[in-house]
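Have a look at the structure below before the remarks.
So that you can tell them apart, the chains are marked A, B, C and D in the order they are listed, and the count of residues begins at 1 in each.
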Amino acid sequence: MSYKSGRHFLQIPGPTNVPGRILRAMDRPTMDHRGPAFAEMTKEVLSGLKGIFRTEQPVVIYPASGTGAWEAALVNALSPGDRVLMFETGQFATLWQRVAERLGFDAELVPGDWRSGVKPEEVEARLADDGGHAIKAVCAVHNETSTGVTSNIKAIRKAMDRAGGKTGHPALLMVDTISSLASIDYRHDDWGVDVTVAGSQKGLMLPPGLSFNAISEKALKAAETSGFRQSYWRWDDMLEANENGFFPYTPATNLLYGLKESLGMLNEEGLDNVFARHDRLAEATRLAVSAWGLEVLCRNPAEYSSSLTAVLMPDGLDADEFRKLVLERFDMSLGNGLGKIAGKVFRMRHRAASNELLMAGTLFCVEKVLSPFRANSAQVPGAGPFVSA
Amino acid sequence: MSYKSGRHFLQIPGPTNVPGRILRAMDRPTMDHRGPAFAEMTKEVLSGLKGIFRTEQPVVIYPASGTGAWEAALVNALSPGDRVLMFETGQFATLWQRVAERLGFDAELVPGDWRSGVKPEEVEARLADDGGHAIKAVCAVHNETSTGVTSNIKAIRKAMDRAGGKTGHPALLMVDTISSLASIDYRHDDWGVDVTVAGSQKGLMLPPGLSFNAISEKALKAAETSGFRQSYWRWDDMLEANENGFFPYTPATNLLYGLKESLGMLNEEGLDNVFARHDRLAEATRLAVSAWGLEVLCRNPAEYSSSLTAVLMPDGLDADEFRKLVLERFDMSLGNGLGKIAGKVFRMRHRAASNELLMAGTLFCVEKVLSPFRANSAQVPGAGPFVSA
Amino acid sequence: MSYKSGRHFLQIPGPTNVPGRILRAMDRPTMDHRGPAFAEMTKEVLSGLKGIFRTEQPVVIYPASGTGAWEAALVNALSPGDRVLMFETGQFATLWQRVAERLGFDAELVPGDWRSGVKPEEVEARLADDGGHAIKAVCAVHNETSTGVTSNIKAIRKAMDRAGGKTGHPALLMVDTISSLASIDYRHDDWGVDVTVAGSQKGLMLPPGLSFNAISEKALKAAETSGFRQSYWRWDDMLEANENGFFPYTPATNLLYGLKESLGMLNEEGLDNVFARHDRLAEATRLAVSAWGLEVLCRNPAEYSSSLTAVLMPDGLDADEFRKLVLERFDMSLGNGLGKIAGKVFRMRHRAASNELLMAGTLFCVEKVLSPFRANSAQVPGAGPFVSA
Amino acid sequence: MSYKSGRHFLQIPGPTNVPGRILRAMDRPTMDHRGPAFAEMTKEVLSGLKGIFRTEQPVVIYPASGTGAWEAALVNALSPGDRVLMFETGQFATLWQRVAERLGFDAELVPGDWRSGVKPEEVEARLADDGGHAIKAVCAVHNETSTGVTSNIKAIRKAMDRAGGKTGHPALLMVDTISSLASIDYRHDDWGVDVTVAGSQKGLMLPPGLSFNAISEKALKAAETSGFRQSYWRWDDMLEANENGFFPYTPATNLLYGLKESLGMLNEEGLDNVFARHDRLAEATRLAVSAWGLEVLCRNPAEYSSSLTAVLMPDGLDADEFRKLVLERFDMSLGNGLGKIAGKVFRMRHRAASNELLMAGTLFCVEKVLSPFRANSAQVPGAGPFVSA
């Protein structure tokens, strides 16, 4: 039984449902990417992006998926065979490690339980053991899209600083913010990140197709001696062309229109207000999960994500079966469990074009499909009026 | 405190929030309204509209508001000074009577309490008293947008038939379906309606700007002897031009594009499925109202509207103050009380581009703003988790 | 043989091809037409419209075709049976007279040859003969869309003033500017017009569906004693509601979004620049017509229209056959001959979203189809005025 | 003096002006790229693309610029240090060689005059000299966007086959069709191409942001032993995921919507009709250039491009100054000269969303700005070929 109503509800962690205002901004004639109007737009979005990354340092934009920006971070600042330390916080950390391996890195994936963030003390211990500075980079995923667990980037930086003696360990800190940028508080400069990796289709509310690197001075310096033979991802070409508002190859012009609009929307609301909204919706979601007698995948409240929540299904209930019921009954897509936790969790986004009304509606739909499976639903608090109907 | 999230939620009874699919259908170059492609489109939408009105008789489309279609019904089929019987079911019935008066009709408005539909027995009594057949038309509003009360059109028709002896009373039956067409079950032919008045911005999910008359053979016949000197609303010109897919004057081409898309969407879902969806959402809404300890304006369950629900505010609470709080806190517009009941009710739509998710979210937002005003909210059932948070 | 290229070229006099910018402005969620954001928009467009009509007096907006605005002008300011003087300058003047007749006016249509504008001296003579002031209104079409002939409104006003002795003849001056507003110079106040009738789909570059009356103080005064029983077109209701930014019935919200954008575009270019552009394109068109050895329908150069040009086909060539060839070969729609001159002329627009490139392309396409039909085309090797200039 | 008219005319070789129909197709909610509706769309566009490349072999889609697809072709099928033969037909061939060099290839750029295509006899000679089969790939640009010169790919393949004795030389043939695909006749299979590189923003009429590789069985085989350590561009991952309608990383969903629409438009017109239209417009353009007394950059008529024409400016006239005049006067962007020929040529597109009307208008605008500069313009009174034809 499918209730069609002209509006599918995309409640997966990403891509985000794109606001009409951004869709319309992209629905415009492609302009000459070598002309003066284009250069002006480039400068505006590059400047606006700095505010979002909270950095004074350069940000580059690739016409590519976030996966490309992972690769870009690695091949610009490091050399083949370099040792990099990565942390198995979930599916995307695992995939990033796989990219690193394919690129020829000695990429260690420190095992994790997919329910916790990177442990700063573990970072510190590893680096302290690395007196020879063989480790060239520490790579962490700020917000694991597959688990709804965040890692404390600021604490990781401090751990790295403590580990290396007086001057700190020289490894670069690379951070994936694909599902955290413009979603939860993130500070490229203050937290001492060297390369921040991001994408268009999450907190920036755009369709996929753009990705980003924010680059510290130290990373730029490291890039000068990179041993990689590469071309598309080169920071130097990009930065040189960006200087005048252009790109070294054809940019994804219409997605840039959307980016300009997105930056406008984020600024209108105010980034801190955006974060506060996400925090509020995330907390409401966790309260609902708890009221349902279910468990949030993330173990540590300090690591809860305001970008999305992954919910553990009770034993005997297949999460994908459950998601299918929700889709059929309410025309709403929930996020699936990925990798190790496939079939065991479903995920709900609270980020981006969301609000109280949509979040309450989302929780209602989940609750309705969930109810018959609960042994004693009558006793469960929170049986709202539309639920008991 | 305003929670901006890029998406105002328009929950007033109408205009309906227009689905993106319809907005995009209108976002196309205006075509030559004297060319063959236009004629084909006209024929398609005129044919599609018949299915929505459930009629085999002609439907005409005006580039005008619903108010224009009220006027069109009256000036085509009747003559100045004619006696017409109208029923004060709410604000729109009252406005229609005002239009009739201005046009020079002897338009009696049978008083009502704004909480009930037209009483068929009253229709029967009035017509039975009218042995001389002075009454030329009975005008009823099928679904009062101001009150959320429906009138039983089928029963009114039967009452008219009973009243006039063997052949029935000859008065025409005119019905305003502005907020019922494509929202709740309506049958122009089966129920013996002579002129059905409708508009684009409710069940058809279009922006305002188009309105309609469905016309019985009897009404067409009556039009031949109308004493009105009029031009814009003439049925004869319209029907003659429509024959070949054209209009007697420039039509609102881009709204017609939207109408074509709307008819496509209604057919895809199936009109009966649309009605069932509205019924379901309406019942959920009334259950919520009851759980809140509030009262639905409509007194008689048989007259409940699946198009919208008007809710009485408790004494001492101003509905407009309440609506303002909802707007500020959740960026959602509720319908206001009109005319006699201004400040006393607020209205929620369940029709058109709505679904379980959006309706649950709507009810949640109302409930949240309402909670602090309820004496003993702790005792109230339905305190969902996001409510008690 | 049809050359498809994804872009039909609509070169009829109207509706105008709507700029993408305006289409996108309309592709937005319909807002609550009783809310504060709506009121603000109404005030902005009403104020902007005054600049376009060049008036300090009120302008009202109908959700209706231009035909409705004709009716509105007549039924508000006059009374049934009133004598009105109209001039047969072409098809639309003739249709307006037909509307007047249907509404019960004693509407005289002063015969014309469809190749000349209203003769001010004829106006003067008629009014001078009307010592009893039986004539209540003089109605003129500023720019005849069917013929490409303009009438000198300023001179007509002066003729009326001269005709009536010291105080001038008291008849109202009503002017149809449907295809001249925002296309060629027009001045409601300076020229002493009482009611200006206009529509959305020509110089304002919108889809059809809105129409306008600009109203002088004298016309407003006259409206107070109108004998018409009417409702939809009432100025008084409209003006009263407009005062606060609202409408007496549901407005065509999304077309108003487009109107706001249109006013923005006209102001950006500057109305005088718009007119200069139209003048330039019109002159180029006439030079081309002359180079082709054809004749412009308009006889008097002082009455040439910068909004469109109607071209007489040589004897033996059917204009509609010719237009069909152009459509098939170049996917371009030319305007057809209407009424008396059906099959004898074709019409080309130079107004609105046009420019040198599009106009040159239009003339090229016409020329190409025309060439084989020209007796001595060999002697005129491409002497397109736009080429040799 | 700038003539604004609400429509900038983008007449550069690319990005192409995107048809409204494609812009609107992209103006839709982003869907779940792991759901069944997405998989269905992927399969449809992958199948449709094969028709455009005229291949039965796999085509992969990258969320990246065409530059990325150059890199993809090289790093998948070859190994670092491999010798590749490239031909300096213009700026883009030169840039591709630069990419190859950066990636560590021994990439020879056979010098050229930027006015001719690749000489098959030169290919044959080089390969015949390469008895040891050190050359692993021959790379050619089918249509040089910077010069408007095509290379005969079929003849190059034959030359390669002849060069290597009985079995032909084993080098792979890689072809850049960025500005030829869907613009002029191209046959991946028939012509024996191993890797075809293409982009979205030219003949496919999309905004930039997607690029393509069509891959022969031989190239796929070669990829198995590639010595490159790479990730983003991997064919194997892409092909494996595509099998089920998915992608190995987040695809550019909304550009894929546009691609689906583009394929629909090309099929509606018919690819051969599209090519015939481009041929016709290209010939008209060259006739105009000749009538202006100017020279087409391409020397050899057999190598003329139907995708675009580059025109040599007479000595003493700076092409960029000229283009600036055109932009200011007619709001039209012409393509600039790139690299070696900067300031010496301007370029006009005839491909994609173009037609007779737009092309004639384009030529008119160029002619108008050009006239005053022509020594003996008086003797050539507007003898534009499109005029006298």
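We take it that a contact is a pair of C-beta atoms (placed from the backbone, for glycine too) under 8 Å apart; a residue touches a chain by one contact, two chains touch by 3 or more.
This is a predicted model, so every value here is computed, not measured.
Of the two chain pairs examined here, A-D and B-D, it is A-D that is joined by more C-beta pairs in contact. For the pair chain B and chain D, the distance between mean C-alpha positions equals 56 Å. In whole angstrom, the spacing between the mean C-alpha positions of chain C and chain D is 46.
If you average the CA atoms of chain A and of chain D, the two centres end up 35 Å from each other.
Residue positions of chain A touching 2 or more other chains, listed in rising order: 20, 23-24, 27-29.
Chain-to-chain contact here is organised exhaustively, every possible pair of chains being in touch.
Of all residues in chain A, only 8, 10, 12, 14-18, 23-24, 26-35, 62-68, 71, 80, 98-99, 102-104, 199, 201, 207-209, 229-232, 234, 248-255, 333, 336 touch chain D in the complex they form. Across the interface of their complex, chain A is touched by residues 3-7, 9, 19-21, 23, 27, 205, 265, 268-269, 273, 277, 283-284, 287-288, 290-292, 329-332, 353-365, 367-368, 381-389 of chain B.
The residues of chain B lying in touch with chain D in their complex are 20, 24, 27-29.
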